[in-house]
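Same chain, two partners: chain A is paired with chain B first, then with chain C.
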Partner chain A sequence: MSREDTLQILAGFIRDVIGDEWDDDMEVAFDTSFSDDLELESIEFVALAESVQAHFGDHVDFVGWISNLELDQIIALTVGEVVDFVESCR
Partner chain B sequence: MAEVSVNGVGLHVQRLGDGPADVVFAHGLVMDNLSSWYFTVANPVAQLRGVRLYDLRGHGRSARPTQGYDLDTLVDELVGLLDAEGIEQAHLVGNSFGGLLAVACALRYPERVRGLVLVDALLPRKGWGEAMVGTLATTGEERDATIERVFASWLGRHSSRKRNRLAKQAGALVEGTTLLEDLRASTSWPDEAFAALSLPILAIYGAESDVLGDGQLLADAGENVVFDVFDGCSHSVIWEATAQVRDRIVRWFGEI
Partner chain C sequence: MRVLFVVPPLTGHINPTLSVGAELLSRGHEVGWLGHASKLAGRLPRGGTLLALGEGDPAHAAAVSRKARSVRGMAALKVFWEDFIAPLARASFAETEERVTAFAPDLLVVDHQAVAGALVARKLGIRWVTSATTSASLGDALDAFPKVAEWQREQVLQIQRDVGVDPVANADVSPERVIIFSTPEVAGERSSYPDQAVFVGPAIATGRSEVAFPWDALQDRAKVLVSLGTVNSERGKRFYDAVCTGLGAEDLQVILVAPESLVPDPPPNVIRRDFVPQLALLPHLDAVVCHAGHNTTCEALAHGLPVVLLPITDDQPVVAAQVVTAGAGVRVPFGRVTAAKLSRAVRTVLDEPAYRDAARTIQASFEGAGGAVTAADVILALG
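So, the complex of A and B:
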């Protein structure tokens, strides 16, 4: 699976999490920021983490990875960084 | 997501860690949900023990009934969750109001609580409900300022969609439910009651916190209380010193 495939999977999860408030103008790319661009709420981030974990399996310890980041790093996270993390677990 | 029906209310529950769970995390009131614990302390603790986190009714992704926000009902909800998850006795970890809830649970159901970890917890002392209503019953700019302050250091600062949604959710909870009148009418305990708590307690407070006195009251009570005051921190100690709070709580669970 390519980085692009992983990006598309994540983009699907993000759309699901944002739900009714999803705006078709919103784009999910590698450099899309969860905070500044997608304005994801922290509780939505929990839902995203759950989807990522369920889809990719326990060896992708997304929650564990996030827990070891400093707050500023979490705030600045981009979709591409999550893609890279998922890829690094393969 | 796991939804667990407790006393007729659908609660959003997250389960972390392997093995039988005996640690339950409770979050603060109105502008909070389980994500605060989820992304900070819960996962490292889950390396040691089975962990449960839940959104209080009206918060996060739990259902928002129009009533039942008094302390007794919320304690019964917590105990109902313990029952539903098959937890006979739990360590309760609470931030702010979540700590007050944990203390009230230990006072009402001592047989269900093994220990407490309190992060800048208010105590259910006389008049606590009225005081809390005073800070919650704000509107307009004042409420926006509160949201700004509470979420200044969390995901999505300067995010209008998020601020609007938080304000909307807070408004729905404050104005669309009996929360304020329920808090006013909630149970309180005399100060002596807290001194009688004999279970192990880790109490972490910010040195500049407006509820430091509550922590001091606990600390004066007995040797079962470990009182850690974090310099330069306020009531938001969980955000101001996240790594230290996390390490301290993980150490506590490693030793206890």
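So, the complex of A and C:
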């Protein structure tokens, strides 16, 4: 699976988490920021982590990974960094 | 008994203390407020004593306020601590100690964000309770982000080192009592809060408002109040457009709190006002659209009204999540709001009875909790 495939899977989960609030015209790209662009709240981020981990399996310990993020890393986090994390677990 | 409230310059944090203080005064106790005169003067209940703290440079305060309004989420948490709470604590510690010593209270009621008050209470050996306007700062919202929780604990430790008191853990929270102006029906499981927490429900102000309102213009159809609260109204151009386009086309009446400059030409079913007598208005309404500020949200729920929440910053996302989880409201992202999304959200809370039912369950929990009266009981029990 390519980085692009992983991005699309993540984008699907992001849409699920945002749910009814999703804007059809909003793109999810590698440089999309969770905080500034998606306005994902921290609780939504936790929900996203849980569903991504359930999809890929526990060897992709997304929940554990975000628990190690510092405040500044969370503020600046992009979708691409999560893609890279998922890829690194393969 | 002589009680002193220590409050930060935040209207939403001051408001509940005014109700509790009024209750204490009515029972014959002596009550003072230590904080910024610009936020307290003219607002204290009759008989209350104002102890004014130096306010520093107003231009700096305005700059911090602008910065705080430009960020959200975890970035807002960082700004809140680094640019507001910590500097406030450092700047006001010595003066707080001086003023508290002179007033010689039997008990301090310290807002959770007025850290200097907590440190002074400990240093002087005066009993104190924490006043938590919003439950958001005490719950488990940061559990999934242990490094962030650790960072926040370090902020409190660093403040203690900076002002020269012995740094101890959890110095910002009273070991005796934490008064939370909410109930577990909204704030979530009791077990996620400190053992010494007491849920008293919102302490909503009473008394008549001086704000005029065109009462005769209210119609016999569903009525919705739309307000972004006291500090956010100028952030809302996109939002107000969505209100006018979306709700303007619905069969309901909208009471919109907004500056005329941003809503110069509202549709016929929208009453736009700079201010409204919110508490007098709520009994006439069917739903509230707001920014999930703790006070406005609780006032709506206290009237059994479902809420559409567009959290912007600070504790608002946590408050919004609490209400959504309790089933009494739906959330719409403020930055991505559209006319269609806003209309759908308002129709949902109006048309699906489950939202109103959940709001009424919360309303009953507020009534049972006792608000300012219970808060006063908790305070006096320590005297």
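Note that in this section the second predicted complex is superposed on the first by the 90 of 90 C-alpha atoms of A that agree within 3 Å, B and C clash if a C-alpha of one lies under 4 Å from a C-alpha of the other, contacts with A are read in each partner's own complex, and residues count from 1 in each chain.
Just so we're on the same page, contacts are C-beta pairs under 8 Å (C-beta built on N, C-alpha and C of every residue); 3 or more make two chains touch, one makes a residue touch a chain.
Because the structure is a prediction, the values reported are computed rather than measured.
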{"item": "Contacts of A:Ile9 with chain B and chain C, given as first, second, both or neither", "value": "neither"}
{"item": "Partner chain in contact with A:Ile74 - chain B first, chain C second, else both or neither", "value": "both"}
{"item": "Touching partner for A:Glu39 - first (chain B), second (chain C), both, neither", "value": "both"}
{"item": "Which superposed partner A:Val28 touches (first chain B, second chain C, both, neither)", "value": "neither"}
{"item": "Which of chain B and chain C A:Gly64 touches, first, second, both or neither", "value": "first"}
{"item": "Intersection of chain A interface sets (partners chain B, chain C)", "value": "21, 35-36, 39-43, 45-46, 49, 63, 66-67, 70-71, 74-75"}
{"item": "Chain C residues touching chain A - in the complex, by the definition given at the top", "value": "72-75, 77-78, 141-142, 144-148, 151, 311, 317-318, 321, 331-336, 338, 341, 344"}
{"item": "Contacting residues of chain B [partner chain A, same complex]", "value": "1, 14, 16, 33-36, 38-40, 42-44, 55, 60-61, 153-162, 165-166, 239, 242-243, 246"}
{"item": "Partner chain B, residues of chain A touching it in the complex", "value": "21, 34-36, 39-43, 45-47, 49-50, 63-64, 66-67, 70-71, 74-75"}
{"item": "Chain A residues touching chain C - in the complex, by the definition given at the top", "value": "18, 20-21, 23, 26, 35-36, 39-43, 45-46, 49, 63, 66-72, 74-75"}
